[in-house]
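First subunit A sits with subunit B, and in the next complex the same chain sits with subunit C.
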Partner chain A sequence: MVRRWFWIPGLGFLVLFFLLPVGAFLLQSVLDPGPTFMHFERLFEGRAFWVSLGNTFRISITVTLICAVIGFLIALRIATLQRPYANALLVLIVMTVWISLLVRNYAWMVLLGREGIISTSLVALGIFERKTSLLFNEAAVVLGMVHVLIPYMIIPTYAAVQAIDPALLRACDSLGARPAQVFSRVLLPLSLPGLATGCLLVFTLSLGFYVTPAILGGRGQTTLTMLMEIEVNEQLNWGFAAAHAAVLIAITAVLFFAYRSKFGMDRLWGQEL
Partner chain B sequence: MTSESDRSRRDVLILGAATALVGAGLAGPAAAELKTVVYNNSGGASADAARAAWGGLMRDRASSNLLVTAPASVARLKAMIQARNVEWDVAELVSQEHKQAIRESMLQKLDLSVIDLSHTPDDCKDEYSVVYALYSTAMAYSSKIAAAKRPGSWAEFWDVAKFPGRRALRNHPVDNLEFALLADGVPKDKIYPIDFDRAFASLDRIKKHIAVWWRDGSQPAQMLIDGEVDFTSGWHGRFFALAQKGETGFGVQWNQAMLKRSWVGVPQGAKNPREAMQLISFMIDPTASAKYAEGIGYICCDARANNHLPENVRPWVMSNPAIAELTVSANEQWWLDNGELAQRKWNDWIVT
Partner chain C sequence: MTTSHVIELKSLSKTFGNVKAVSDISLDVADGSFTSFIGPSGSGKSTLLSMIAGFDQPTSGTIRLHGKDVSKLPSSERNIGMVFQNYALFPHLSVFENVAFPLRVRNMDARTLTSRVHEALESVGLKGFEARWPKQLSGGQQQRVALARAFVFGPEVLLMDEPLGALDKNLREHMQSEIKALQRRLAVSVIYVTHDQGEALAMSDNVVVMSDGRIQQVGAPAEVYRRPQSKFVAQFLGETNLLEYDLVSRGLSGPIGRLANGAAFVLPDNITDAASGTLSLRPEEIEFADPAESGCRHARIEETVFLGDCMRCRVDYQGLPLWVKLPATVMRSVPRVGQNVALHWNEASLVPLDD
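Then we have the complex of A and B:
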């Protein structure tokens, strides 16, 4: 009976290389140096934590919504293509994930800078009066993150969209549905599970983003991960850093379980929709 | 929708798996007949300078290959010691980090039979570590700004009316609290202990005029060259390295630069302690240290090293008397005792 034990290596790997180290790190939030709630007390009384928590969520929600709209449109378009074209496009989209995040973010620094092509072109066109830096603000951070995260939205959404039976659309046609109705009563509801999976992936990845807000953002885009980096790397205050992580993981877990109760877990693994 | 209903979800899963299988970069050091001694430092120009200055000495006199890794991180050192797998033989510890490392018993005592500390001033050495690089956090300006319009002090940097231009500072309390007090008129020998209220009140005045709060040491020089900002603080070695390459887009103002010290030590559990001690002896050797300075502009505390400097490097080292009298010495003990509190106050201040 293969099925009885086939999950053991996977589970063992997860426990050994994920649950144990993450658990040991999180425990430091209440055990460093001795049993204590000091780290959480200090976390909740500092202004930096609440403001960065707000920044983290505001940025993550914006990124997720923009990815959802753009990702859905791209997935719809790809699904209408002939298979070879669709495959080629999907490969291209996935390949962008192979390019280093740093490279892609620094590319935006070049493009959006005061002497960058966007600023200088806008001046040449007379839209800007003088060269202006478009960096170090929330729009730059959101742009950089959408660029990096959009494949995680397109792939699951596409999986849902391409599974829609074309006969349904023909039926809509023959029954005289207007395009808006086809969209709102057939396409969107049937794509929703894939879209929800994409949103969950993009949102949770956004919560943990560090590099993009750090290099494209200003002080108004200070995120929780940036505070954690300082505590881990500079202050050596791992208990305090673990408290940050515990809060972020707790919030992510709540969202994850909310998703599960609404859509079921199997969607995330890509089993039958 | 595609009418090919046989289009399997497996295609999609394979794509998804490909998405997940990224970033597994494989890099292994090439096998060598010589011993490999690992020196962990700040990376970039300082890594190149380290290889050029000490690589040959390590091969000839210690039968070792010098492998330089980065970045300098006392946090990683702590993690390696806890995991009982110390990869570094020599660790760079910037400013008060060496005190942190000593406090947490991360370092071995220096082997004085190998390392000659007799020419190193007392404030540049202790039982466990020694200063190998004097450097500074200095103000730099874009060459496009006319000479009369370049700030000559932190008070002038704060004066946005008289010295218009886009400004950048590091997103960090270190150095900035000192700059804020200097800007507010505190004499340079009265900075410590830092008065937080006064420093942050002074920072409040400049806050909205700072276009960029930089985080990475490579940013300041790059931002000046790119025209992103006109004035910024920055580590002088980065400016030096680019200036040596012929870059003329910026200049450095030495007045009121913060003089900093970078230390080296041998971690507990280092695999090649003997060779590590030899490496440290080269790092504070006058000739070899001058050679290092040619690459990065940082030099050891032994005054004799200055005699070995080429003419074009001399105006860049902190042991040059003409520069030394302009700089302000950072107080490592104050930062060791107050760094955590300063960071917390800074975090609360910077986000609003």
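Then we have the complex of A and C:
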């Protein structure tokens, strides 16, 4: 019965490199310098926390919705392609995840900057009067995050769409359903579990995003993770930073369990779609 | 314009790449009839059904539905009910909602919709199953839901693509008679695609035998079975013995032919004048006679297969292998391998074939 012991290395790895460091960090929110709730009190009393929490949620929701619409359309399109083409496109989509986040965000800085191709083109077309930076605003942040996160929407959504029996669509046709009705009554409901998985992934990843809002955003896009970064790197107040992290993790956990009670855990790993 | 045809196909062809799946088919289907398309896989019967349903566009030719040209209409505007081989029930909808689907997309008012759905479910024997999910039903029950969904909106014709293919034998036979009874009660035209010739013979008013994208023969089941026109039809529908003969003379008592084994026999009157030809002789048309009788055809039993209600025997008729099928009630004694018997058949049961 060797199988029984198979989970030990994996569990050991998780405990050693994930649970222990994260746990030690989170504990600081109530143990730094001694047992205390002062970090949380300060957190909930400060205006900065609520504003950045609002920013974080607003940006995450916008990014998730845009990813859902675009990702679903892309997934639908890929599902209608022949197998080899579909697989090639999926590989391309997954490959974008391998490119460093930093590289991709700096690429947007170049594109959206005052001397960037978009600004200069718009001037050449006469739409802008003079070269303007398109950076450091919410649109730039959302654009950058959608670009980075959309694979996490496309993959589970594609899995759901691709699993829909083509005979169902023909049945719709024969039963007199017009294309819009086929979409709203059959295609969308049957894709919903995949879309929900994609939304959960994109939204929770958005909540913890740091690089994109930090690089492409401005004052109005200060997120919780950016506050944390300041506390850790500039204020050296680890306890206070840990309180931020605890709130983020709590929010993620609530979403995660809400998803699980609605769709079940299997869906997240792509089974039974 | 009134017409007694629910469907009229005219010079219908379908080419995939350079493969002709259906070539130049013309066919009229009588209103209210049960018509089966039968043929081996690749004979074009499913492609033909697909074109009638509107899932495939014909390469050339026209399809008329009650006189109206629907060749260019999308499936959703043809008002055709379709039952799919794998049922194609919507997994996210209850039994009620599955059947209500075609009515909902037609924006029917709630009260009429509810009564129509209940009526349809009742007529397929699924009253009380409204709240169930397709996953909770057996194959036969799913098939009934698919059936109810296909006729609840009053389509002009009901198409069925091997609807019983996935069911076991007993259930299949039961569903055959149910579908047939339902078709009579609703007086709806049915086009039924199957590769099971027994199913087609049992259910149809008309069978359309297809192979290689062409219609081989059309007719009532008994007529097509008794009077096959070609070797293909004779062999595809039921079992048969093919007898190759040479025409010897057109004697006073009728034309005389000689088989490959040298035996001479009287041919049916309606054969052509060709020097040689092929006859079909169904195994059940051959009887065992008393070998003592004069002028009889001597044969020896080579193999016997017991089938319950009948027995199949392979006999050696002077060098020519023949299959004989005997009903169980006729067998006074069980035929034994090696036994000498005499064969007897009626000239009228010899059917001349083309080719």
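Of note:
By definition in this document, the second predicted complex is superposed on the first by the 264 of 273 C-alpha atoms of A that agree within 3 Å, B and C clash if a C-alpha of one lies under 4 Å from a C-alpha of the other, contacts with A are read in each partner's own complex, and residues count from 1 in each chain.
Criterion: a contact is a pair of C-beta atoms (placed from the backbone, for glycine too) under 8 Å apart; a residue touches a chain by one contact, two chains touch by 3 or more.
Since we're looking at a predicted model, the values are computed, not measured.
Once the complexes are laid over each other on subunit A, subunit B and subunit C both fit without any clash. By the touch criterion defined above, A:A86 reaches subunit B but does not reach subunit C. By the touch criterion defined above, A:I249 reaches neither subunit B nor subunit C.
In the superposition on chain A, A:Q235 makes contact with subunit B only, not with subunit C. With the two structures brought together on chain A, the opening angle seen from the C-alpha centre of subunit A toward subunit B and subunit C is 150°, to the nearest 10.
By the touch criterion defined above, A:I155 lies against subunit B but remains apart from subunit C after alignment on the C-alpha atoms of chain A. Of the two partners, subunit B and subunit C, it is B that touches more residues of subunit A. Of the two partner chains, subunit C is the only one touched by A:A171; subunit B is not. For the overlaid pair of complexes, the smallest distance between C-alpha atoms of subunit B and those of subunit C rounds to 13 Å.
Taken together, the two complexes place residues 165 of subunit A in contact with subunit B and also with subunit C.
Within the complex formed with subunit A, the subunit B residues making contact are 1-5, 7, 9, 11-13, 15-16, 18-19, 22, 73-75, 78, 100, 104, 166, 171, 211-213, 215-216, 226-228, 339-340, 343-344, 347-348, 350-352. Note for the complex: subunit C touches subunit A at residues 53-55, 74-82, 84, 86, 88, 90-92, 101-102, 104-106, 149-150, 153, 159. On the side of subunit A, the complex with subunit C involves touching residues 165, 167-168, 170-178, 181, 185-186, 189-190. Put simply, subunit A touches subunit B in their complex at residues 42, 46-48, 51-52, 55, 79-83, 86-87, 90-91, 94, 97-98, 113-115, 131, 133, 135-136, 151-152, 155-156, 158-159, 161-166, 169, 214-215, 218-220, 222, 227, 230, 232-237, 270.
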